[in-house]
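Structure incoming, see below.
Just so it is clear, A, B and C label the chains in written order, and each chain counts residues from 1 on its own.
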Amino acid sequence: MIRISELSKCFGATPVLERISLDIAAGSFVALLGASGSGKTTLLRIIAGLEQADRGSIEIDGVPATGLPPGARRIGFVFQSYALFAPMSVFENIAFGLRVRPRRLRPREVEIRDRVERLLALVRLEGLGARLPAQLSGGQRQRVALARALAIEPRILLLDEPFGALDREVRDELRVWLKQLHAELGITTLFVTHDQEEALSLANRVVILDRGQVVLDASPTEMMQGQGHRP
Amino acid sequence: MTVGTLRGGATHGSALPGLRLTLTCTLVYLGLLVVLPLAGLVTKAATLDWPAVLATLGNFRTLAAFRVSFGAAAAAALIDMPLGLLLAWTLTRYRFPGQRLLDALIDLPFALPTAVAGIALATLYVPDGWIGRLLAPFGIELAFSPGGIVVALTFVGLPFIVRTVQPVLAALDREAEEAALTLGAGPFAILRRVIAPPLIPAVLTGVALAFARGVGEYGSVIFIAGNRPAISEIVPLLIIVKLEQFDYPGAALLGAAMLLASLLLLLAINVLQRWTVAGQEGAYAG
Amino acid sequence: MPAERSIGEPVAVRAAVVLAAVAVAAVMLLAPLLVVFSEALAKGGSFLLTSLTDPDALAAIELTLLVTAIVVPLNTVFGLAAAWSVSHFRFPGRQLLITLIELPFSVSPVVSGMVYVLMFGLQGWAGGWLIEHGVKVIFALPGIVLATLFVTLPFVARQVAPLMQARGIEEEEAALTLGANGWQMFRRVSLLKVRWALLYGILLCNARSLGEFGAVSVVSGHIRGVTNTMPLHVEILYNEYNIAAAFGMAALLACMAIATIGARLALEWRHHRSISLGSEAVWVDRR
């Protein structure tokens, strides 16, 4: 579903991604694992359209994505620091993606309300629609960010270190829940992490990046058995 | 040309829209409103040949005007220094009734139109004004003299010192002071060793800002100054006089000189401010 | 207001310091303000009213408000555009651009006005042609607008830009991924983020525009009832020894200044963050 070919990127003189090639099947749950500086976040941002690669190409569903703006890719992105719109209520945050659609594609107000309520229920934040992000806990904000990304019915979900800033208990809870969500919705999901345990427990495929290159690409079981494909 | 967005310190490729549009608007606007007119100023000044330049700048009246403008601005900034420090200190470290009012009052010279300040100060300091009559018995006459210019510039420059020092004072590491107290240091020692060092760049910045503002000030000054050529005439007034005499190149030359002085001061202030910021960040390192 | 902090100085000293500060403020700051109102009312309230409703006075008020109504929106749009380009992008010449935006702050008001006289006056290089075609710039509204634009140019930009830079672009990026186009992103996310700084910058721009004296003095020609702004009208009245009327107009301007300070306090209270009118300091580019 996502085909990445020979993707390379430099920041100034520093190479950040070197000839990355990956094929990601629809519905998979992929972890991009690596230390900081390994290029994993950059790769995620390039897929989202927030950065441009220097060389190489990305195809989504057979259509080349280079040059396509982020809004046109139907990709949901959850930022590391959630990037919620601080002055807007939870409801408005989630509804944002629906409200900015061009007139012909925009759902009616009633439908927007309906969808947002359903999403709030999905992320178990019913009744908190009127709150401001500042009034929520870290875990709650995380779920709002997710709901917001899901509101646009994305075909791909990208998460950048989604549980990094949360404490242990909340993190574990959210992990379980995210896994359930993926099983339920079946959206192709890519997430970036530096936590090996997290990668192994959540994903059905782990891609390890080191200094801009893929060093290991395998399923968690294969990894734990010491097997796996080294490109 | 590499164009990047700034994200967390590193430069990334830009997906953020709007650079071309905003940059074009900005450049056109600035070009028409700022660059073109200032270029015109310099060009006009440059129509004078060197002997004329020297004659204009070296003229007795001109030199006196520069002396008056820069001298009064310097004196005012220096007077403002202890006064501004006093106010900043009181506002940051003590609590008392009417504190909010005092803090709001500091903004007055910024918010008040210069002409209003000008006539108010003139009225205060003439021999039968509220303050003038207090000083008259001592033979001090501030109105219509260079002293009046200093008074006016003191008013104008005071907030610069206060507002530059206040945030630095407020951000001082409280624990460092408390540690010094527990170690037995007296108030003066603490002042000297703990508080003063990060304050110095901030104070200097405030003084420089007050000075820069005072050099070019017009409205607050001309009512109280007396405006006698070579005695209490400031450079901006001399420029206007030349304009009225249709000596456009001469006026432009003076304007260009003031512009140069402003740019140099701008540079100095920039350096001082970076020093202040560095000092503040250093204060946190402890 | 921050909490009380002492370095071991005795209470008596503290009290003395506070008294000294209050005395300084009273003499240096309060007295000028009070004398404005005192002199304005010196000939009684009805005289004050008459002088303010005098046709020349009304014309001055009208002109000042008109100029402000033109200048503030223009410089607001410019300020937002300039701040956007300078905060979120790096390009060669960026620092020079920032300096150019800051420049009107450092230039003497008289020089600010003079540059337009040089350009559009009779001897000016653009002036001659325009005057032949019946367009008056100097000694007319356009000149006053230009001089005021120049002088108030940096206010919005310098309030908004540091905030834009400090807040980063993540929310904007989020908006983009959610399908917003550039304008939607700017309107719904970016503007909202900086709204307090924006309001504050507009407030400052407005105050300065109403009160500008030196620059306008040079370009206006002081034609009574036509090209006099409120501050210029104050000057004319004062020079004619019509003191009470001069202070009457001055009192009106002083009320606007007090309103500005009050608005700043209100903004501060709403925004829960300390801001000061004294941000005339050069903005330091923090990385």
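In this text, contacts are C-beta pairs under 8 Å (C-beta built on N, C-alpha and C of every residue); 3 or more make two chains touch, one makes a residue touch a chain.
Keep in mind it's a predicted model, so treat the numbers as computed, not measured.
Of all the chains shown, the one with its CA centroid nearest the global CA centroid is C.
Here A-B and B-C were compared by C-beta pairs in contact; the pair with more is B-C. Among the remaining chains, B is positioned farthest from subunit A, on the basis of C-alpha centroids.
Separating the centre of subunit A from that of subunit C, both taken as means of CA atoms, is a distance of 46 Å.
Subunit A and subunit B have Cα centroids separated by 51 Å.
Chain centres here are Cα means. That of subunit B falls 16 Å from that of subunit C.
In subunit B, the positions touching at least two other chains are 11, 15.
Residues of subunit A found to touch two or more other chains are 49-50, 69-70. Residues of subunit C in contact with at least two other chains: 173, 176, 181. Within the complex formed with subunit B, the subunit C residues making contact are 1-9, 14, 17-18, 20-22, 24-25, 27-33, 35-36, 39, 77-78, 81-82, 84-92, 97, 99-104, 106-111, 114-119, 121, 123-125, 146, 149-150, 153, 165, 168-169, 172-173, 176, 181-182, 185-186, 207, 210-214, 217-218, 230-232, 234-235, 238, 243, 246-247, 250, 253-254, 257-258, 260-262, 264-265, 274, 276-282, 284, 286-287.
The part of subunit C that touches subunit A in the complex is made up of residues 170-171, 173-181, 184, 188-189, 192-193, 195.
Taken in their complex, subunit A has these residues touching subunit C: 48-50, 69-73, 75-77, 79, 81, 83-88, 96-97, 100-101, 148-149, 151-152. Interface of subunit A with subunit B (complex): residues 9, 11-12, 45, 49-52, 69-70. For subunit B in complex with subunit A, the touching residues are 10-13, 15.
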